[in-house]
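The letters A, B, C and D name the chains in turn, as written, and every chain counts its residues from 1.
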Amino acid sequence: MAEKNEFFQSETVQNFNKEIEKYYLGPLWNAIPDLMHKQPAPHAQAYLWKWETLYKKLMEAKDIFTPDRGGERRAIYLQNPGLTNRQPWGWASTTQTLYAAVQLILPGETAPSHRHTQSALRFIIEGQGAYSIVQGERIFMEEGDFLTTPQTLWHGHSHPGDKPMIWMDCLDIPTIYALGGTFFESYPEKIEQPSVPDNYSAMRYAGGMVRPISDRSSKIAPLGSFKWAQTLAALHGLSRFEPDPFDGYAVEYINPSNGLTANPTIAAWMQKLPNGFRSKAHRHTHSTIYQVFKGAGYTVINGEQFHWSKGDFFVVPNWAWHEHVVTSSEDAYLFSCSDLPIMEKFNLEREEAYEENQGHQQIVKEFVPLLP
Amino acid sequence: MAEKNEFFQSETVQNFNKEIEKYYLGPLWNAIPDLMHKQPAPHAQAYLWKWETLYKKLMEAKDIFTPDRGGERRAIYLQNPGLTNRQPWGWASTTQTLYAAVQLILPGETAPSHRHTQSALRFIIEGQGAYSIVQGERIFMEEGDFLTTPQTLWHGHSHPGDKPMIWMDCLDIPTIYALGGTFFESYPEKIEQPSVPDNYSAMRYAGGMVRPISDRSSKIAPLGSFKWAQTLAALHGLSRFEPDPFDGYAVEYINPSNGLTANPTIAAWMQKLPNGFRSKAHRHTHSTIYQVFKGAGYTVINGEQFHWSKGDFFVVPNWAWHEHVVTSSEDAYLFSCSDLPIMEKFNLEREEAYEENQGHQQIVKEFVPLLP
Amino acid sequence: MAEKNEFFQSETVQNFNKEIEKYYLGPLWNAIPDLMHKQPAPHAQAYLWKWETLYKKLMEAKDIFTPDRGGERRAIYLQNPGLTNRQPWGWASTTQTLYAAVQLILPGETAPSHRHTQSALRFIIEGQGAYSIVQGERIFMEEGDFLTTPQTLWHGHSHPGDKPMIWMDCLDIPTIYALGGTFFESYPEKIEQPSVPDNYSAMRYAGGMVRPISDRSSKIAPLGSFKWAQTLAALHGLSRFEPDPFDGYAVEYINPSNGLTANPTIAAWMQKLPNGFRSKAHRHTHSTIYQVFKGAGYTVINGEQFHWSKGDFFVVPNWAWHEHVVTSSEDAYLFSCSDLPIMEKFNLEREEAYEENQGHQQIVKEFVPLLP
Amino acid sequence: MAEKNEFFQSETVQNFNKEIEKYYLGPLWNAIPDLMHKQPAPHAQAYLWKWETLYKKLMEAKDIFTPDRGGERRAIYLQNPGLTNRQPWGWASTTQTLYAAVQLILPGETAPSHRHTQSALRFIIEGQGAYSIVQGERIFMEEGDFLTTPQTLWHGHSHPGDKPMIWMDCLDIPTIYALGGTFFESYPEKIEQPSVPDNYSAMRYAGGMVRPISDRSSKIAPLGSFKWAQTLAALHGLSRFEPDPFDGYAVEYINPSNGLTANPTIAAWMQKLPNGFRSKAHRHTHSTIYQVFKGAGYTVINGEQFHWSKGDFFVVPNWAWHEHVVTSSEDAYLFSCSDLPIMEKFNLEREEAYEENQGHQQIVKEFVPLLP
């Protein structure tokens, strides 16, 4: 890619550029340096949101959002500072491709059923007793559970329990929006009624890598809920061996009908980084949103140090060098979502290990989080 | 399909037929009634082998086969009576497509490592302490475990324990043989040495439907061993709901990298038929080999009643009506292998429920097993 | 989807919204009406660029862009008026997902070789004698030819002929940019040298639907150039039958190694609309860029009439009703590119026929093009 | 694989083997040397049928088979001498997996419509004026045309012309039979009536690698007939470049909806071997049936020389070394069918070049064909 040549800055050229813009035309030679990077240069940036901020604002939102006022969900989403004013919808998403939010539901509340072409997932942070109802199945949620709602499935939430409940939502809203593929539909009634037994899918998949035979040719993902106890058992099993140098002990939630990610567009991982673990640095095309489920430590992203502890969210943008260090005495558990399946659909995924300095970046800057 | 017309039986035609056979030619009009059935008419027939026969003969084989005499394995295979003298290799397989056997390994014995284009699976019937070593991983076997060895993986067995150990083998030998695709190679040494930790793959998959991230693009099946405890947990989970009318509570062992069957050519299922369960009859293109892991009952196959109890093997041929009844006070557990993935590769799978008589066949005959 | 409730417009809420924005957080209940449309509501709009405008500006660009000044290509791209200031890169693309341009190369010029993760195609509008060199193959271009350069292939252009040459480029730049997956690399020398015979791939595919056997497991698309004479023969063949009510006689350029579109992300079609043809209206999720190769007529898009003649470009946005009418005495030939493969990757493609008024929209407005 | 050990030949072992056979059991250690070859050792052998033999017998069959006697088709099939008495159906197929035949239809005759789970193809050897009717499309046949009838499509033949017509049939009968997957159904009437225009599919694909847009998601192969003129044009195009060392100039008939072979189980190729061409030897897992469409020469198969000329058929079995030499002054055109797609479905395909003696085998034997 050529740098912008001096001539292209000349008045002659600038005038020509302006002239053709009147006709809704643009000069490629002017645009190409911005378009054709040697490697990904996303506007999204590394960032971290503290749990205390998120929690405080969610609690303040109790009275701002109530289900009877419409608005679908009491969710506060994370806006990437690098994307502000750079996206056509007038708000910023969490990464270029994904939207993440924290959602609060109070005892007695019901978030109405709807369906849409976006895929959604939920990771349960705090509380219990609420359920999602997905295609007629009530899925009761507990801390650490992972729920998946692939595109076009009816889903709503309700809370017959007695304590507030908080989870993380992640959807591919920015991607579907950018493509122009949004379809949305409200359920005719407020919330769908159960048509299969409660917790049906999780019970049907209570074992290991065996699948109920009736699901062998499922068109839609037959497993909507992954219980924390099972995920934990998997991580314990893995922990008997050597950790991955970049990601420690990590598992991916899969769709048992095709071996792909549970959501067709969003990869979801749970990783255990044992006490004292220090990963090596690498980078990859896909970008990632982390939620700290347990433990504390820091991540160095392109030389900047982000300290994290239980409840925090942070973003590693596309092609950013990153490495994790655990500083808590307990093991750390990081839940994460990424656009890896999207990169794979487009054959864009690449990965590179950081070779210098034994695989570790210099820390050149410390991130200072905004506190309420 | 036309019936063989009378004219085609005439001397003129018979003479013509004989004449052209000299030139290695054949008359289609003569062959077509045998080739083009309205529906599958396999030579393989329904059959049952009693455990006491199998066990007795295996024990007698202790001194017939010994590893130092070569011969690879002390395995006695099941020959379908309908296939005797009908297959080009001079022996009969268990179904048209699959080979099944019982294998005995004694303490101190080693069955040498080799690899081949056939895919294999093992289901552990009795004993413990022996291991298979597959691509450098020692997999220690316990009753009820399922092991898969897809084509071209190195594998051997050894028994450092102290009691005889018996398992079921199932391979796609007849299919690969019929296609002309057999490649076989002995390992340079007697048995491969471990290169990864023992029971590596089962430990890495100790949870539910989550997959270690390093296996997301595995070319070969990353999970070689499915522990009975997990399979049982899955069946317990399923048992909270309504059983399948034909197969009760049934799970399929899957390859977590693609959601397909653990072996690319052989489906393997474990099904729980609760005490008192009586299935409805159906038939399907694929043929099945059952092993009775626990319990007792009978299966009606095309009107013939086959009584079975723990340890027995039986075959349901292609397109045969079949239904199961449990008569033991304990639940029955049937392990089964089938060529369903082969039928699917060829787009041949069809299924039909038996509609008459509330879905139940008339029993017109009782099978009398051969006892030693 | 709930409309924005009055309460959400209240000062209390507005203050809360502002407050949380300080922390790079956003209220979903406020954003959801903009995000979750009942159906696609793209910012890109229907638009048309006249050939005389494009041609005049390209000719003026002769002295503005010269290869020795860098800038890669003398290409003027089409900026959708609806996307101005709505895309993060500071320019507007032609549709939300695709970039289209007209490119001029003069005798004696060379556009340097490079490669990138974007896929490209070229449709030859005017002239002859220039070639693209793609992965070492010189592809000489003639009017009506279609060239495909899937992602990561080296490609450059050179013009040993004697008259200016103009073609249409279409790339998936906006999509790859939005995903953060841009990788770009310049060829070490100015232009790649030939390593296979000229016009190699088109010659190797000179027949119908038969494929050279060496291409049966090609990883990259083995056919880079589709000659106009063959495309025309295909359209003549099709023309013996009934036209498609929406698209007349239309063919799609395919990748013979997988039956998918020639470019993995961009569908390219050539359609013949016979003299007097009037299509019915329909709409679909994917958006389309048309180039009028021959003939004249008009297209009604969401009730607005766009007159077109040879050389013009126009855009049909996502989910817009559209129908074509031919008014010229000669048959019309429309070349088009769309993001249909992208919609299919995301399972977003839907289609709907216009049912009212015998399938024809009311014309409520006439588009007035900008002329130079 | 161990050789059969001397002990295994002992009377003790022989007695044990016989004893267990009574129970329909077999000793693996005895069978394994026959089953587990180091490489494919098919019973099918290299063989050649002279056209004069085939033609004479077909003509004699005029009065033996007549449509009013039933029997479906006047086809004489090629029985591989190595397979006689080795296949369960009481006849021998052409290779282990495929059936080939020559079929004669006389003016005024009709071969009734039927459908089956076997896939079929036809290659037109001599004559014109007859048609196949496939799913309601009358496909008129000319010399050199290739027709494909994938499984489960209705098809019949009729001959309104005035001269006898001969073609080659190839089906996957042995494979579907071996798997137990045969379903066959006669059309309710003698022959299906046209429901689409004559020669519909070939006309719709009269151009190069462009596909009518309505076929983009065809479940069944949308192109049933490949005209010789187009195949020839493709071979001419290819002939401008270097020939493949093993196969000269060769093209494969493809299914334009997925880029796979036109039939899902049978690859069909046409290859041009120019005057004077001498290929190098290689071998591969798949086996092949050749029909000499034009020209003369010989093929060396595992050291045996098979001379061929126009009209002859010959077989190259699995994993047999083979090389072709053209001796006629005109170019040779060989049509061939193989089970390559089956090998690929089972991941069994391997290929090996003959390295010694500059890639050429020693001729150690000359095949003497049977003449009538």
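Throughout what follows, contacts are C-beta pairs under 8 Å (C-beta built on N, C-alpha and C of every residue); 3 or more make two chains touch, one makes a residue touch a chain.
The model shown is predicted, which means the values in this text are computed figures rather than measured ones.
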{"item": "Relative to chain C, chain with the most remote C-alpha centre", "value": "B"}
{"item": "Selected interface, A-C versus A-B, where C-beta contact pairs are more numerous", "value": "A-C"}
{"item": "Centre-to-centre distance between chain C and chain B (centres being mean Cα positions), rounded to whole Å", "value": "53"}
{"item": "Distance between the centres, which are taken as Cα means, of chain B and chain A, whole angstrom", "value": "43"}
{"item": "Chain A and chain C: spacing of chain centres that average the CA atoms, whole Å", "value": "31"}
{"item": "Overlap residues in chain A, where contacts from two or more other chains coincide", "value": "none"}
{"item": "Chain C contact footprint on chain A (complex, rising order)", "value": "1-5, 7-8, 12-13, 16, 19-32, 34-44, 47, 49, 53-54, 57, 60-61, 64-65, 69-81, 83-84, 86-92, 95-97, 101, 103, 114, 116-118, 151, 173, 175-186, 264-265, 285, 287, 317-319, 339, 342-343, 345-348, 350, 370, 372"}
{"item": "Chain C partner contacts - residues on chain D that touch it in the complex", "value": "197, 200, 202-214, 216, 223, 226-227, 230-238, 240-241, 244, 247, 250-260, 269-271"}
